[in-house]
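Next, two complexes with chain A in common: one pairs it with chain B, the other with chain C.
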Partner chain A sequence: MPVRRTISEVDVNKNTNWLNYPSVWTWYLAVIVLGWLGISALIDDAGLAWTYVHLLHGVATYYLLHWIKGSPNPEDQGKYQALTFWEQVDNEAYGTRNRKIFTVVPVLLFVLATHGTDFRKQPLGLNLAVVVILLVAKLPALHKVRFFGINKY
Partner chain B sequence: MSKYRVVACLALTIVVPLVSACLVSSAYAYALSDNKQLLNFFSFRGIADAFRAFWDIVGPGGKLHPAYFLEHKGHLIIEGALILVIIYLALQHSFKVRHHAEEPLTEKEIDQLCKEWSPEPLVPSPAGVLEPPEPHVITGLEGPYVYLKGRKEKVINAASSNYLNMANNKENKTESIETVNTYGVGSCGPRGFYGTIDKHLILEKELAEFYDTEAAIIYSYDVATIASIIPAFANRKDIIIYDECCSYPIQTGCTISRARVALFKHNDMEDLTRIIENFEAEEKAKNKPLCRKLIVVEGIYANYGDMAPLKSIWEIKNKYKYRLMVDESHAFGVLGTTGRGACEHFGLKPGQVEIIAASMSHAMGSVGGFCVGDRDIVEHQRLSGSGYCFSASLPPYLAVAGSHMLRLLRPDKSGNSPGKELMSLLQKRVRSLRDQLKGIPGLKLFGGAALPSPVLHVHLAKSSGNPVEDQETLYKIADHVLVNGGVLVAVSQYSKLDIRRPPPSLVIYANVALGEKEILTVVGALRKAVRDVIKA
Partner chain C sequence: MSSGDTIAPPFFSILSALFILSAASIFGKIRDVIYFLLHPFKVKGETGYAPIRDPTEDFYMRRMYGRIVDCWNRPICSAPTAWVDVMKRERVRDTTGVDTAHIVPIGGHTRCLNLSSYNYLGFAAFDPYCTPRAVLAIENLGISSCSPRVHAGTTSVHVELEELVARFLGVDDAITYGMGFATNSSTIPALVGKGCLVISDALNHSSIVAGIRASGAKVKVFRHNDADHLEKLLRLAIAEGQPRSHRPWKKILVIVEGVYSMEGETCRLKEVVEVAKKYKAYTYLDEAHSIGALGPTGRGCCEHWGVDPRDVDIMMGTFTKSFGSCGGYIAGKREVVEHLRRHSPAHLYACSMAPGCVEQVTSALHVMMGMDGTDRGKQKIDQLHDNANYVRSRLLAMGLDVLGSWDSPVMPIMTYNAAKMVAFSRLTLARKLAMVIVGFPATPVLLTRTRICISASHTREDLDWAIEQMEEVVDLCMLRYRTKALYQLVESELKDHVKRHFGPEIAERATIKALATGELDLRKSKDLSTKAVEGGVGVGIGIGGNAQQQQQHQTQSTSAKPKRAAANSKAQLEGKGPAASPRNGETHRKPLASVQAHAKAFVVSK
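On to the complex of A and B.
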């Protein structure tokens, strides 16, 4: 089987290249775990806390990755003005490690949320809807696609 | 794949299994349960009742929650599917999305392209450019005269844009020397990092007062001034329209800003209007949100010596709600009743033009550039003006020289000032020079005699058609004028990156220190040189 060379380009986009720094993913997972600890301290049901973590994480990542566009760095002169964070990552290449981790985390949280507590106590449909929306938003087929002109400019 | 097909595929692959799973599980659970609440659901007693009943059955804790299906090993199917998804992701190679992939080229097209291709050299030789000869070395100054290396007698200097003779002003020199004794020569840093000296702040305040605007900012390199200001106020989404005869710094600034750029024909207001209307139509058709729109012109064009019709441009800009930026490098200290430049000359009040930028190395006798405008405009440049943030600041003695010139231009109670007299004297000299140069056979003065611009571009009356030859002729004329006439004139030089190369010309700068005698010498030397070089 011929070995396919991965795309190697220097990522100069200051908005996204911090994902390649060491320990970024550890930090990301730590934030999620700390969030779960905090919520489970507040509501006394550690399992249901995973549901809340999953939902909050879903809303937050949808807004940050798939809604906000552009880059806060004025020196790129608005080059990424029409691209969401997800579309800017790794010079718009798909199948990279960062993207895989971003895609797997909602799925993992969904499994934790559904397993964490009794199926009768949790809004299963809501959990499923959130994970499906997030997975769909990360599909390479939807790169730079905007439905019905929403969020185009 | 069009986005509607994508939506359809998603609908099929996700919604259908979901709905079918729900239906299957609910049917299964219903079959196993003995509760007939389902019948109530279809009785339509009221939407709220119906919804409550529905949620009782399907929601968490309800009887037909897919929970039953999931608790009885159904969850294993879901988890298995998710684990397969994760494994698939982990095994993916990275790839770039070929968005709306173009059809691959056919064999015929490939052959055609190969036939048409011809190799280009790695470094193309720029067309129509002659390597400039060795520059003259100035070894001494004396009023309007300079001493050159390799020449014993002094020559008249008509090649420096020293319009008000500030560079040779004695008081200026004394003040600058005192400043050097106090502060040293350099400022040792950019403005943001220990490079701001009180002389800079004084000069900025005086510039703002002089122009009657809220604030001013100083750059230490005049070419970088306008090339930093434009990218600070424009980016990819924006529109910049500039005159086709604008000089290299403006072109660079527009390129760096990455904005959509259009050029309008030199001083042609109909062309400008046409271009603006085109942009408006395009924006409207695509229903894009509002972007910044900028018009950039020069007060006196450095490459041609003529002026922009600022009053008409202002009316157009006002009508279409564009912003106007004027580069007053050669007009500052020359035009206008108080010396503010071309904007004042055409009757525009302070504040009507959003951004006025100028170089301090012409009439001001200093070095660098400045920009005046509203407080917001100026303060924005303190972080976004690349030439301001990332260059060492102006040496304080040059800032003092700038302040000195502004002091000369400041009107006293009666409205007069020594600077005003210098300016009217300059206009007299300009008029005299232009009148006499116009009459030289073989040369053509751009702009004619009535133009109040101190930048005189003199072209060959009869061009040979080849700009390289013309430039050689002009170099010969300049040499002849220097050697035989004792006058130093410049031949115009442009960067190889300039997108518009004006026709080769001799550049003569008017100067207050050039008296009538000197002007006669200059004109006589040119006349003789043209006669000898061209007729020969």
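On to the complex of A and C.
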């Protein structure tokens, strides 16, 4: 399918344009690694810690990216009131670098969680369910889709 | 800081900003969860009704702003001249002894150096030419016009002001409004509507954004100060036409600002106007911060860049910043202004500018144009540029990440980290510097900054003292974020600026360090600094709140009054330095006796 070249847009959405600054992804990965370090300090199995990190990360990112809507900036005058953070990113364009990174991280954590420790020690089905839900939520086909009216307003 | 090649913010400053914000957010979220667990019914609201507010949208206000509320809305109790009295405030404690998010004045005030008011030309307080005339206008025409312009709100002073503004800018006609924000938000809808396209700079002010939203026109945003991106957008817009129907656009309007208030940098007006004319788009220049502050005679961005004012279709500006008044204007061709007189809602329905404010602007324009018989106007603008360039070079030499163009009196210093921004504000207030900090949503969330507004009424001594105090705070807060790339870019801009205004020979020697240490003297009227210094010592503008100097100062001002007729340096200084007697609230009532004398003098001369 031919891709149409177009002029690059300016992202004026103050809620999301901070993702384009230098050290954002470093920070994201640093928070995940620090979380893993913290959890593996509390429990014995460092591999199982990856499972907990994966689950916590799944819950946190689902809430922050796919549940809460709107923008804390009052000057937007409610322009993004019906859009979740994921839907607002990059002027609602898909296939951008930010979106790719957001998609890869849950998969990466799933791989770390499943290979971190023995399959019988970890809740494999739960890990799989979390990563599948997160990946499905990020599909372009589900842009602005709300199932059964949940989280519509 | 220039645009087309924007310099990315430093890596670790953004990293630290992110950690600070996420930590604050996590604690805020924990408090939200605990509050919800303790009071589940309070959070929900009545069943069947839409919630009045969304917990996520006001999260910042509820959980983060309360901690730092003492940095904003600081009440002042004197005229905002070079020095200002900031009221002392304290946080309210609740019954259990815990600090709340409320802060109340406790009586008393601190005299601080005012680096926060938009008092660019020093017209903020008593001026020997402007104030008597403004008081006379109030006596003759009343406190308020109590009417929109089309009913009974147009007075002789309004007509005079509009003619004068048009003459000052070099265009056909002008229209004035009572409020600067409303000038933009009511004019843009009167100019463009459905079927029109507005191409606006990425960093335009919220009044422009509000006006565009209210108009119903389609909007495209071009990268800040990037004339190439503007050209690409124009070409695409004209080639494609309106969305879906592909009909040609009725009108294309390009909106830029003269000086961007959060960046302190001027727009590249020459390139933008060139591109717009090439594609037959109209240009709208918002000179809120640049009128009276840029250009050798204060005529704004057009004069600064050497652009013919007739090439800019609509020039907008405000009287709040340089002219010490309120309100705004739109100036341009006669047909445009006549159209606005019939269609702009602010002209038809909003109360017109108060006559005292109008006369203040008229008098300030007289001073700036030299029509008051002195060269105070020229001196003011020269002093402003000198002060601005000096402070900018000193701060850059100190290692601070200072944004903005040369000659611009607005100087944001990047603090990136929200915690540093707040610490800077509190520490500078403790050192008697009144400074403004800016965070989200006025700036991007990770690019917080503190902004200095230089005034023509600041003396070199004031500024030296301020920089000394700031250096201590900078050391404590570790704010030396200036990168090598930025330094080189700003230095090359300095060379361009000096070449354009002073000639190529001086441009060779122009470096930031030379300007900061005083080796390179760009002062346009060389003896200006000595006068300011004299004034600084004799007039004794309370540096550090020295009581002795205050005494000296007050006697000086009263004795200098009879000498006002002679155009000597003291009179000019007093005119320039409205801090003439600034101790407590009664001072602005003090000059009335002399005001009446002046008022009579003006009546006689008229």
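Definition applied: the second predicted complex is superposed on the first by the 146 of 153 C-alpha atoms of A that agree within 3 Å, B and C clash if a C-alpha of one lies under 4 Å from a C-alpha of the other, contacts with A are read in each partner's own complex, and residues count from 1 in each chain.
In this text, a residue touches a chain if its C-beta (ideal position, glycine included) is under 8 Å from a C-beta of that chain, and two chains touch if they have at least 3 such contacts.
Values in this document were obtained by computation on a predicted structure and should not be read as measured data.
**Q** Following the overlay on chain A, give me a clash-or-fit verdict for chain B and chain C.
**A** With chain A aligned, chain B runs into chain C, so clash.
**Q** After lining up the shared chain so the two structures overlap, which partner does A:37 touch, if you call chain B first and chain C second: first, second, both or neither?
**A** neither
**Q** By the touch definition at the top of the document, which applies to A:29: first (chain B), second (chain C), both, or neither?
**A** neither
**Q** Between chain B and chain C, which one contacts more residues of chain A in the superposed model?
**A** Of chain B and chain C, more residues of chain A lie in contact with B.
**Q** Given the touch rule stated above, what does A:94 touch, chain B (first), chain C (second), both, or neither?
**A** In the superposition, A:94 touches chain B alone.
**Q** In the superposed arrangement, does A:144 touch chain B (first), chain C (second), both or neither?
**A** first
**Q** When the two structures are overlaid on chain A, which partner does A:77 contact: first (chain B), second (chain C), both, or neither?
**A** In the superposition, A:77 contacts both chain B and chain C.
**Q** One more residue to check, A:18. First (chain B), second (chain C), both or neither?
**A** Second partner only, chain C.
**Q** Pick one for A:153: touches chain B only (first), chain C only (second), both, or neither.
**A** Touch partners of A:153: chain B and chain C.
**Q** Could you tell me if A:69 is touching chain B, chain C, both of them or neither one (first, second, both, neither)?
**A** After superposition on chain A, A:69 lies in contact with chain C alone.
**Q** Kindly point out the stretch of chain C, out of 275-283, 473-481 or 581-589, that overlaps with chain B after superposition on chain A.
**A** Superposition on chain A puts chain B right on top of 581-589.
**Q** Report, in rising order, the residues of chain A that make contact with chain B in one complex and with chain C in the other.
**A** Looking at chain A, the two contact sets intersect at 6-7, 74, 77, 81, 153.
**Q** Can you tell me which positions in chain B touch chain A when the two form their complex?
**A** Chain B reaches chain A through residues 1, 3, 6-7, 10, 14, 18, 59-62, 65-67, 70-71, 75, 78-79, 82, 85-86, 89-90, 92-97, 99, 231, 235-237, 256-258, 288-289, 384.
**Q** Of all residues in chain A, which touch chain B in the complex?
**A** 4, 6-7, 74, 77-79, 81, 90, 92-96, 100, 103-104, 107-108, 110-111, 114-115, 118-124, 128, 132, 135-136, 140-147, 153
**Q** Which bits of chain A are touching chain C when the two form their complex?
**A** 6-10, 12, 14, 17-18, 21-24, 26-27, 30-31, 68-75, 77, 81, 153
**Q** Which stretch or stretches of chain C touch chain A in the complex?
**A** On the chain C side, the touching residues are 8-12, 14-15, 18-19, 22, 50, 54, 56-60, 202, 206, 209, 213, 221-223, 229, 232-233, 236, 440-441, 444-446.
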